[in-house]
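Note that chain A is present in both complexes that follow, paired respectively with chain B and with chain C.
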Partner chain A sequence: MLELTVYGIVFGSIISLGAIGLSLVYGIIRFANFAHGDLMSTGAYVALFMVTVVLGWMGIPDTNFGSLSFGWRMLIALPVSMFVVAWVAIALDRILYRKLRVKGSHVGIMAMSSLGAAFIIRMIILIVWGADSLFYRPGILRPALELPVGIKIRPDQILILVMVFVLVALLHLFLQKTKLGKAMRATSDNMELALVSGIDTERVIIWTWGIGGALAAAGGILYGIDVQLHPYMGWNFLIPLFAATILGTIGNIYGALVGGLVIGIAQQVSTAFLMPTYKPAVAFLFMILILLVRPKGIFGGKD
Partner chain B sequence: MIILEAKNITAGYTTEVNILTDVNVRLESGQIVSVIGPNGAGKSTLLKTIFGILKPANGKISLKNEDITGLRPNKVAQKGISYVPQVDNVFPSLTIQENLEMGAFIREDDYSQRLNEIYELFPILGERRKQKAGQLSGGQRQMVAMGRALMLDPQVLLLDEPSAGLAPNLVEMIFEKIIDINKTGVSMIIVEQNAREALKMADHGYVLAMGRNVLDDSGEALLANEEVGRLYLGG
Partner chain C sequence: MEIGGIIAYLVSLAIMAGIYAVFALGLNIQWGYTGLMNFGIAGFFCIGAYTSAMITTPMPTGVYAKYVHQIFGLNLPFVFGLLGAAFVCGILALLIGIPTLKLREDYLAISTLGIAETFRLIFNNEHWLANGPRGLMGLPQPFQNWVDPKNYNYLYLVIIVMIVLIIYFLIERGIRSPWGRVLRAIREDEVSASMSGKDIFNFKMQSLIFGAMIMGMGGALYAHYTKAISPDVFTPLYGTFIIWVMLIAGGSGNNKGAILGAYVIWAIWIGTTFMTDLLPPALKARAPYIRFLLIGVMLEIILLYRPEGLLGEEKKVSKLIG
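For the complex of A and B:
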């Protein structure tokens, strides 16, 4: 049980990375991006392309760090992929969503268009990499460490937690300390007043997509390291992402972090009682319960 | 010297319906202009049009003889005009200090001096600078909103109903602050429901009704005008 909780925290921290981006984007432009999960897949596959093709071709050695399942190649691929997906997200906004926004399209149209974008991304992944599950490093047994209370955890998983912590801490510092980060929070509070204050809200929107995309990429890669890569991985993340975002109050990134952890733990612990294939249903159940009981989420005050 | 002039302004939220028709307003440098009139007269629309939130269908807005018609709000702010909306005029999840910093967003220079001046003008804001604006009372919010607008050292300040929703003692306090701000050399256009008070401090007043100019005269003359008293000042 305790072990499942620990796995839940690892899984939940990955959900959090996606949920934070989803929440950030929603907070600024009030738009639920159904393609967010597929941005996670994009990140995972771009990193795969880097690790297996580009970095090998560049002559970066394919050795591991100690007992981790990856080495220099992944360390380089991670930031590169985050950067690439940041631009994919920005491009998606400029080419598609912004046009609809400027026209004043209905939220339903926006949601449908993001669903379409999600399909397109997934199909591209299927065409390029096929429908099979892939691994960054196939066929290698990953040894587990034994923690004091009998919890087995892989070194990879510890690193995932560290990575998520670092990324969230960086985001926190960015939002609290930098001018642009404060402008992002201001725009999320009140876009019209931000504009009136002279804030270039279009630039803020671009940065929001970029950060959301980069965090999604990191989430996808970390999931790929922990489990596997699959074209539908991002799609399967969508319900947990939305459950976490709603639980943590839409638009609140700290809430999304907590929400991600709660949903992650709930999903993993449920496997003690249910078949693992029911995991997504657990997230869905959570989402319905939150919407019925407390639709504004745990951090939703009077608005 | 005329610092701001809105000439023959026709504007509205949609192209079919105009809220303002052929409205003229002039602001002399260093003065306070109050715009009064019944609900729906187009007073707020006038400020939004001057600030570039709405594009006029017709007419011209100039700041110190420079044409600023149709500029986006962030550009208008750069030219030296600040605007305080009537509602939702603070960032609730940001602290007081962060709200003021956002007011200085387009400033590239060191604005710490200006920040201190704002805290001197509104000492209560300085004491609570770490507090979130969403937790403040209505009067304090209004101070944050005005402080934010003043961070750019504007030449012209546009105030949309600064006394709306405030208790009578706070209304008096806010109007005193407005006069203090004016004394630092900021010219202002104030839109007010509280017409009597607004005209008392105004150098010049405009009466709008149904989106058109009805009357304009010095603040004193409008206060003394029988018809204005009967129609707009409540007897």
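For the complex of A and C:
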């Protein structure tokens, strides 16, 4: 059980990366981005393309760091993929959502548009890479470390936790210390008030998409390192992402972090009683419970 | 292909499009008239199909019982399957509506999407329920003894057309009544509808349930057409997304548009198979993805440049106003 909890924290930290981006976008632009899970897939597959094609062609050696299952190639691919997906997210907003926003479309139309974008992304992945599961490193033995209380954990998983911690800390500093970060928080609190205080809300929106996309990419890649890549991985993340976002109160990134960890632990621990295929259903059940008990999430005020 | 073959092919096309028209009409009540976002049509599709399948088939006996598991089998006529499917889907809609209809409107979308995925998981994993991933086969077809099995599809097309027409006139009546005008008022401006003393939650619930019952019937009609169902049919792509595209393309808030959209999009969807036949063999295995990519791009273009769809909403709200 303790071991499952530890795996849940690893899995949950990946959910958190996606949920933070989803929550930021949800809070600032007020729309449920059904394509956020597929941005995670995009990140994972862009990194795959880098690792297997581009960096190999550039002659970057394909060796591992110590007992980790990846090396220099992944270390370069991760930031590149985050950058690319940030721009994919911004491009989707410019091409689709912003136009609908300007026209004053119903939230349902916006949500439908993002669902369409999610399918388009997934179909492109399926066309290019096919429907099979893929790995960054096929056929590699992944030795586990034995921790004091009998918990087995792979070095990769420790690194995932470190990476998530670093990314969240950076985001925290950005939001608290920089002018843009403060503008972002202000816009999330009240868009009209931010506008009249002279904040360039369009610029804030672009940065929101960029950060959300980059974090989603990191989440997708880390999941790919920990488990595998699959065209439907992002879709399967979607329900846990929404559950984490709603649990942590929409627009609250620290809430999304906590929500992600809670959902991740709940999903992993449930495998002790249920078939692992039911993991998305567990997240869904959790979400319905939250909606019934505390629809504004743990950090939201009372109605 | 000789002329008979072509006609048979067109009939099968018309049947599937007719079944999709039923779903589009159901969605039109929820989204088109009330503004409710149901992103989990596949869930109602699935439940409707399985309910009707189990109502109309007998419990497996003898050797079959070893290979086919289902929680119940009532061996009743088709009509009971159809109505049972509607009834169960109505209950399901009620249960989803309770936690979500009082909250932000997009929570319904997220919840229905979640429930559709959950049902697919349950039907895939619980073998005792409805035979797991292998699904149920050999479903009976209404009036199947009346005609030669070779010509049965003609009869089924007649049944589908009749049911689509009945549902169409039912919705038209409802929507042009005071009840229908309240639904539109809620869609346009919830606050002012509530200030006119309308119980928003109740009306939304009725719309959600009414639409879901029609979707349940769509599921039943599908099950008895294909005679075999398995969980992998009810995916978000075939079960939800394409129906939204149909309604939006035809015209949300217009029942004729919903039916037209179903036929147009289904024709395009089938038409693209001929296009992908021209692809090089290496790409052929991935042809379905290319077709869905085109449907997705088409949706985005419609949303941006013609959000009202082909027909647009009918503004006439009462049969008494000329």
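Here is the rule we use: the second predicted complex is superposed on the first by the 301 of 303 C-alpha atoms of A that agree within 3 Å, B and C clash if a C-alpha of one lies under 4 Å from a C-alpha of the other, contacts with A are read in each partner's own complex, and residues count from 1 in each chain.
Note that in this section a residue touches a chain if its C-beta (ideal position, glycine included) is under 8 Å from a C-beta of that chain, and two chains touch if they have at least 3 such contacts.
Keep in mind the model is a prediction, meaning the values are calculated, not measured.
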{"item": "First (chain B), second (chain C), both or neither touched by A:K182", "value": "first"}
{"item": "First, second, both or neither for A:F284, with chain B first and chain C second", "value": "second"}
{"item": "Partner chain in contact with A:H106 - chain B first, chain C second, else both or neither", "value": "second"}
{"item": "First (chain B), second (chain C), both or neither touched by A:V162", "value": "neither"}
{"item": "When both partners are placed on the shared chain, which of chain B and chain C touches more of chain A", "value": "C"}
{"item": "Which superposed partner A:L173 touches (first chain B, second chain C, both, neither)", "value": "neither"}
{"item": "Contacts of A:G198 with chain B and chain C, given as first, second, both or neither", "value": "first"}
{"item": "Touched partner set for A:N190, first chain B, second chain C, both or neither", "value": "first"}
{"item": "Partner chain(s) touched by A:V227 [first = chain B, second = chain C, both, neither]", "value": "neither"}
{"item": "Which superposed partner A:L2 touches (first chain B, second chain C, both, neither)", "value": "neither"}
{"item": "Residues on chain C engaged by chain A in the complex (per definition of touch)", "value": "31, 35, 37, 39, 99-100, 103, 105-107, 109-111, 113-115, 117-118, 121-122, 124-125, 236-237, 241, 244, 248, 283, 285-286, 289-290, 292-293, 295-297, 299-300, 303-304, 307"}
{"item": "Residues of chain B touching chain A in the complex", "value": "51, 53, 72-74, 77-78, 83, 85, 88-94, 98-99, 101-103, 105-106, 148, 152"}
{"item": "Complex contact set, residues of chain A against chain C", "value": "31-32, 34, 96, 99-100, 103, 105-109, 111-113, 115-117, 119-120, 123-124, 126-127, 130, 235, 238-239, 242, 246, 275, 277-278, 280-281, 283-285, 287-288, 291-292, 295"}
{"item": "Residues of chain A touching chain B in the complex", "value": "179, 182-183, 185-186, 188-190, 192-200"}
